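Shared between the two complexes below is subunit A, which has subunit B as its partner in the first and subunit C in the second.
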Partner chain A sequence: MGLLSDPYRRRALSRLILRLNTPLCILSYLAGLGWFLGLASLPFTLRSYMSENAMGSTMVEEQFVFGERALSYAREFAGHKKKVGGIPVAWLEKTMWNLGLEVYKQPFSRTLPFPDEMRERYMVKGTNVYGILRAPRAASTESLVLSVPCSTGQHNNQAVGLMLALASYFRGQIYWAKDIIFLVNEHDLIGMEAWLEAYHDVNVTEVLSSGMLGRAGAIQAAVSLELSSDVITSFDVAVEGLNGQLPNLDLVNLFYAFCQKNGLLCTIQGKLQRTDWDTLPAYVHSLQTLLLMVLKQGSGRPQGDHGLFLRYHIEAITVRGINSFRQYKYDMGTVGKTLEGMFRKLNNLLERLHQSYFFYLLPSLARFVSIGVYMPAFGFLILILVLKALDLWMKLSKCDAGPEEQLCDGDQGAVHAAAEESRPGLLTLVPPLLICHATGLTLYFLPVLGQHMATQHFPVSESEAVVLTVIAIYVAGLALPHNTHRVLTGCGSERGWMTLKLLSLLYLAMLLGCIALINFSLGFLLAVTMVPVAAIVQPKGPKYLYAVLLVLVTPAVTLLLSIVLYQELIEYPVSALECWQLFLQAVSEGLLDHYLYGSIVFPFIALFVYPCWLLLWNVLFWK
Partner chain B sequence: MAGAGAAVLGLLLLLGSPGGSTGPPRDSLREELLLSPLPSGDLAATFQFRARWDSELHREGVSHYRLFPKALGQLISKYLVRELHLSLTQGFWRTRTWGQPYLQAPAGAELWVWFQDSVTDVDKAWKELSNILSGIFCASLNFIDSTNTVTPTASFKPLGLANVTDHHLLRYAVLPREVVCTENLTPWKKLLPCGSKAGLAVLLKAERLFHSSYHSQAVHIRPICRDASCLSVSWELRQTLTVVFDTFSVGQGKRDWSLFKMFSRTVTEACPLASESKIYVDISSKTQENELLEVTPLPLSVHEAPVQGDRRTYAVYDLLSPSLFNVSRSLNVQLKWKRPQDSLDLSTPVLHAQRYVSGYGLQTGEISTLIYNTHPYRAFPVILLETVPWYLRLYVHTLVITTKGKENKPSYIHYQPAQDRRRPHLLEMLIQLPANSVTKITIQFERALLKWTEYTPDPNHGFYVSPSVLSALVPSVIAMKAEDAEQNPLFTSLFPSSDGSSYFVRLYTEPLLVNLPTPDFSMPYNVICLTCTVVAVCYGSFYNLLTRTFHVEEPSRGGLAKRLANIIRKVRGVPPL
Partner chain C sequence: MAGARPAPRWLPAAAALLWACCGSAATDGIQDQAEQFFRSGHTNNWAVLVCTSRFWFNYRHVANTLSVYRSVKRLGIPDSHIVLMLADDMACNPRNPKPATVFSHKNMELNVYGDDVEVDYRSYEVTVENFLRVLTGRIPPSTPRSKRLLSDDRSNILIYMTGHGGNGFLKFQDSEEITNVELADAFEQMWQKRRYNELLFIIDTCQGASMYERFYSPNIMALASSQVGEDSLSHQPDLGIGVHLMDRYTFYVLEFLEEIHPASQTNMNDLFQVCPRSLCVSTPGHRTDLFHRDPQNVLITDFFGSVRKVEITTQTVALDPNLVGLETRVPNDEMATEPLKYAEQLPVAQIIHQKPKQKDWHPPGGFILGLWALIIMVFFKTYGIKHMKYIF
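On to the complex of A and B.
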């Protein structure tokens, strides 16, 4: 720090930054990217371990043997579901009651902001049914949740069956210290959100639900189960929740430990881990897994019903049974044993899960990258913006100092006037800022508010109208610079664009820094694309190359590229047209996620990142 | 007084002699066991042991104790206790499914004491009393201090003979975290005159009592009228123990039970010291035409009593009657359900409540209490007592009471704000519950940051908030005649009933578990080191950079002449150029 208060060294330092700016930036970008790609390799990852003492050392001996009963429940449930054409509320209530649970139901309704064409729903009405197993000699202060979505068609029947069989087995045991809630939620995430909001008596979104009668204190952990076949070959675990929140790593470790104990194959992101760690194919494999996790987390979408629990500080994972063409199959008994073991260990918890990591990336289930290891990759990228901003600032202050040196040799008044002229006050930056943010506000509000008007005037459906309006406004923003210049008459100078660029670089750095703290993946994806172009963009030089580059790194194109990358990674490549379809779908899903569950990705992009990008666009077309 | 003293002495002598039947015994013991099937199919067993002593405990010189335990008697005379109620409970009475309890207790430990008005320093007496009780019952009652003690104004009235209503003599505390187990049961059993050697107390086997859904043991001491004219005072000690057996998990779905199945013992004899020893089995059926259950052996008599606003039928087994043990040497009461119960809609009790914390995040929250009045046409008032620890900062302006969508103004509010680290919040309200309604009471709070030494060893478990207490006079279905209390079963006679149209109910809600913002205790050293380093290194430099400007001072290169001139000036004593 003494470095800065010593004028000589300061001067040397600033000279260094000015002269070596471009190489430093390039170096920093490569370091950031290299660091990130290195995260999947062995030296960066730690072997995962159980931190929580209460779950680590205690042994449980699983005795669940009622796989057959689970299947018969599943068949019965499927029959009733078919008969009722939805969730068989009465049958579930009666069955759970006969198992000795306290049974409650919760009707809810939700009108979507615009129709969801993918799942074909608009006005959603449903009922959640849940039974509470009261722990003996406990005062209902803590509970665990086992939730199963009641999906349409033939999905998840086995999950309901297994849940009921587990409930009946759990009811006979005496060791429970926490209440266990067995929840069947309808309309997957909407039902889950309705249940969670009613349980915590808050109204975050606009779900309408009638009162909730049974509660069981503070929920400590939740497991969401999805199972659609009588036998499974492997278990897949989903961890990414709303806004990229992750459950405590101990819960994932617990799942992994019990899969290993029972000899079950378990995957993450659908990828089985490889045993050879130090080979190149293994590295590529774990890098793919890591990239998939980054893409999923960056999307901010809950990757299963568990994702909504995380807002309430409830650790949760979704466990999916996969039935593929492998030879070894596991029956319901083994699956039930795994879940039993997990619940018994969670039951042993004395405190909330807090010992292990909340911020991590998983290149495989056995290894993880902690926040301290992956953050530098992002830090290097942000460093570029800071370096570039420093560079601009020093150039600007040199211009400031310039006239003053001239002061001594004569005519004060003229020089002052010149300085005034060449130095557009900060006030001139207000119009572009305001206009860009107004565009952002339009992008945020207009599509949903104006959908009815759009459907009246154009032959499109509501959801198409919303998505197309989003794209139209987004593209219309590109015409902005010409409009802002009309407001900013006569200040097109060298200093003007430099000040604007300085401002937008700092703004971008702040935005990315903030979002990376909440959702590292989103921050990193945006940074890795936007930062280099933001650093080089200027109204001089190959303007059209810059324009193309800048368009290529706009968040919308990043989304498109991410979709392509995702499809490549899951080994399901798509054609350009399909990709475009997926893109449109992703936009509408992004909006729905925001309105239905309170995801912050859409407002963050629309209200902050897009205006910031428009500022850079303004810099490019500065006259 | 001297005459009375002589009479006491004479009576004591009489009692000492075996078979002395000339005068009424100065102390007596009644024991009873009430077995009542709950609406959910579970079974509640309530033991009551009542020792009654016709003695002025507060007078000096009482030294001979027979049935009344000396440990408690001395306590009463030393600390001038008027009434003492202590309960230790593991589990939670689920009023909604189990129905109205005869005697509910909050989860954990609860202690409330009325002192005599001659006590000068109530707080000191309270502190010492709770410490002694802690020793007697092996419970953590010594954790009762000013941060969890309150003085309710309306909720807790003396249950015994008293006309004092100066509530400054009352102290009330709940420890919701207390875990109750055998070490609390053993000293409680030792207070019984027969111990667990004979009588109903042989059933009190710890391994069975704690293999249940709910376990609550209590001690109630109060002064009562000695006779109908009520000129002198007797002391009554009631020891009650309630357990709820989960017949579902024990019987693999069947809900039949027997004494042996539940307690792994049977009753062979009454306690020889007891003047009355009875087992009551609740056989009243909801519907008139069909009898659902069957008891064996056939009861010798059937007792009908109005309990909690309803007429109930009890099969009575009098252990003192010789005919009972004629057939077999031991009594094993059995109950069989004739038809399986499979009704989803249980009859809900008239008054029940639920409490929970709403909201999320670690900054603010809301305590919500739902009170249900399911009576079809009668409204009644209820007194709600909330005790909230100081580290949840209540905002009273956010208190909202709504019934059926409308605001419900309480007719009485007593609020005592908390003082940090010294006393809890106390909120008492009298709320009118309209017929067939749900009343929702919400109040917001802010979570305080504790000092780092004030966190419990397991801070991430959460902090307990004690249950709120509801006291109400619930209108009864049938008119109850005021009967002679001495003749009725014990379980009907703890709470005084004012008139026949209503009965007194005290309910407790669930304790709450609230998470407070918790620092990461695993690395305080790292954090302190890092913070100190950052502050030490950065502060000075940043301060310099922000408050000063730095200029490079060009070294003045005066020529040789200037240097010479300066030397000369120095010699002359003039400041240099």
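On to the complex of A and C.
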């Protein structure tokens, strides 16, 4: 007979799981956490290498010399931008036309769900201007994009200048096999989203735009450039995109290879690389870089304009020039040469970038951790949930098997009452489930729908109203078990809470598993906080301790703690009040991201993780 | 006549003898020259030059083929006798910063594309099927003359192939392969149809020596750029163009060939020495066991050039009809009497160097016995020994 169908063997196995459950869970948690922390160390990482054969090495001769021209374009652009008070459309069109590009403009407008502090109005209107450099001898079937955000104030003027200088240089070359699109987008991500949607003729969000007049074929890769100073000391790359999606690692490796070739200092997460790999400070440094990437990826926000390209299967990165207090400065010529080299290599591509990894973590620019290496950390955490679920299942089936064992029911009173209570059935689980998910639905829909009513009755602005409504509904959910237990049947029975806990553990495992496939960092952050507490919570024992623990791991508090950790890692620690304000801002931006770009973090947490957490809260207050 | 000593009576006889010797020596010289004139048995030269890879980063394969084309044309083989197959167009690729050129040396010293390149099979026409049809002559009647290999039994053919290859195969255009067995069989077909006199096969790919391992037809000499298990490496990148320009082996062969002129007496042994391991990193190999002449006596221009032999003499030469019969160039074809059977279609064991599977029954090995013992043990433990009587 088989292992699972033999009753003797099965009993032995279940006894093993029951007896060793807690040690196994603790071991598994430590293994998962230890594995994650070890990802930054040398044995788990691999040195970066170029996988795409067509791109080859940095074998190209850069001859860009228009550094001065870039600066003069930048000054002109700054002047016109100040005069117009936004993006100087006419000047940009004229300049690009004189360079020999095909120029188009795209006006767009977007109604925000609620006005946030930055924009302070409901309707955002803007114009994107882009020029297409047609490849002289090829068929315009593929293209590359160099995009520069047009920001207010004194930001990104030099980026526009460099872009125009590169355009004039590229126009004089004959070796382009793909068209190059030079794009200046207004209002950062909103403009970029409008442009991408019009280019691909889709309607993912509710942007209204004039439609796209000029196209250049399928976009193979994109680089977004941000430069705000005449000289730079280092070049930073941002890879995290919307919903934690990452560009192909080959693009990051390309950037790194060309920075090294031109002697540019390049950083990731703002941190320089260390050359000593074996020492403890180097490990801590790598761990900090890794944690920054995990936090940024977990937030699901695009860390640059490139983040929106990834959804359309266009590999893109953002490169930022940083001017700090170092002595050695690089001028526009060097930056231009790096970009020229990158574009020449991208020009050699025959297919989209697909040879290298799409899922990775970067403890530094020269080393990476692939998905096969970091997933086991998450697997160990989910194992805890599975073990606990098995444990509960066996306890439940033991109750099933023998009511004379009296493991299940606390009271040893009349057998009649025991028999009645011992099988409440699955229908008793439906009310908690329904109520928790209803709370989740209100958390999702009510804040934005109710903002007008809130502003009428309370002296708050719309964005504050939305955020405070979110927090209010969130906290109100905590009071549910005390008010609803009267309607629930089968309350107070052992079987009831064990079944509910089993269900919520499996539900949590499923949710975390699904989200970890899309956005590993978000899944891991939620798992590392919620899983241990979910495993130990039960109505018996120190209830207040469990309540405090459960509140500590609720997603909102995880967000707060992540903000604190993030501020620590970027060496900009903040006080408690500033932290609270950052938290409110994060909540409002999370909502905005969802409505503007389709980020899934807010609906996932509001509709799934929060109800799951409420189920556990219900389990805690079962009696 | 009374006072003078009489002239030695032997003088006229000696003079006559000397004259006769001279005369015969002279006639022997002409006879030697006439013998040498027919030393190699070919009367015309052909070349089949194949580049099998496409895409911009395989620039060097096209440059390889074009450099051999250039040498072969320079040494006298006309375009009508060259079948040039290029799988991709590098000269007019939009990524080429110098359109209409293909360079073989960095700093763009030597443009092997030239002004008068005649490509016979271009782009997607370079397939295994077309290549084999060219070799064997099984071509549809509508094929233009420039795409045919119209060789006869007095043709010396040079076949040069380059691209990406492996142990026993050569990749055509990223979608198909030709194996060494197919190639050997194609050459055998050529032999049986008397489509060549002698064949020189040069291949520049990774593990190139595996391609000539299987040849079994006579009069074939083969050279390869690397042994089995070795990679052929590329020579130098050009930063202006952005790709590697040539492979090492063909680069050094090209340098060697640039010094050959139609009257060179350089022989094949010098070609075997081209590109030693210090320059090429891989070990070039060659195979001469199927070739009946000594490589020492084989001129480079026998294959790479189309040399018209003209000797001017004022004397008459008696041509001995048995002159050529000294070396049997046609082996005995009487092997056809033994009964034919199908050969092992693809003796994989030999190709991948493993022990061949024994065809006759042998007792099962220890592993299988152990496995069966384990199964039986488990069976009896579970069900008890009393069930044995139901089995036996």
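Following the convention adopted for this analysis, the second predicted complex is superposed on the first by the 585 of 623 C-alpha atoms of A that agree within 3 Å, B and C clash if a C-alpha of one lies under 4 Å from a C-alpha of the other, contacts with A are read in each partner's own complex, and residues count from 1 in each chain.
Operating definition for what follows: a residue touches a chain if its C-beta (ideal position, glycine included) is under 8 Å from a C-beta of that chain, and two chains touch if they have at least 3 such contacts.
What you see is a predicted model, and the numbers here were worked out from it, not measured in a lab.
Within the superposed three-chain model, A:L350 lies in touch with subunit B and with subunit C [touch as defined at top]. In the superposed model, A:R137 lies in contact with both subunit B and subunit C. By the touch criterion stated above, A:R215 is placed in contact with subunit B alone, subunit C being left untouched. Taking subunit B and subunit C in turn and counting the residues of subunit A each one touches, the greater count comes from B. With both structures placed on the common chain, the touch criterion links A:N53 to subunit C but leaves subunit B unconnected. Residue contacts after overlaying the shared chain place A:L522 against neither subunit B nor subunit C.
Judged by the touch definition given at the top, the superposed model places A:A177 against subunit C, while subunit B stays out of reach. Looking at the shared chain after the overlay, A:E61 reaches subunit C, while subunit B stays out of its contact range.
Taken together, the two complexes place residues 1, 136-138, 173-174, 350 of subunit A in contact with subunit B and also with subunit C. Those residues of subunit A lying in contact with subunit C across their complex are 1, 53-54, 56-57, 59-61, 135-138, 173-177, 344-345, 347-348, 350. Per the touch definition, subunit B reaches subunit A in the complex via residues 90-92, 94, 96-97, 107-108, 176, 210-215, 246, 248-249, 252-253, 342, 344, 354, 356-362, 366, 368, 438, 458-462, 464, 510-515, 518, 522, 537-538, 540-542, 544-545, 548, 550-552.
Taken together, the subunit A residues at the contact with subunit B in this complex read 1-2, 4-8, 10-11, 93-94, 97-98, 100, 102-103, 134, 136-142, 171-174, 200-202, 211, 213, 215, 217-218, 311-313, 350-352, 354-355.
The touching residues of subunit C, counted against subunit A in their complex, run 55-57, 92-97, 99, 237, 239-240, 242-244, 382.
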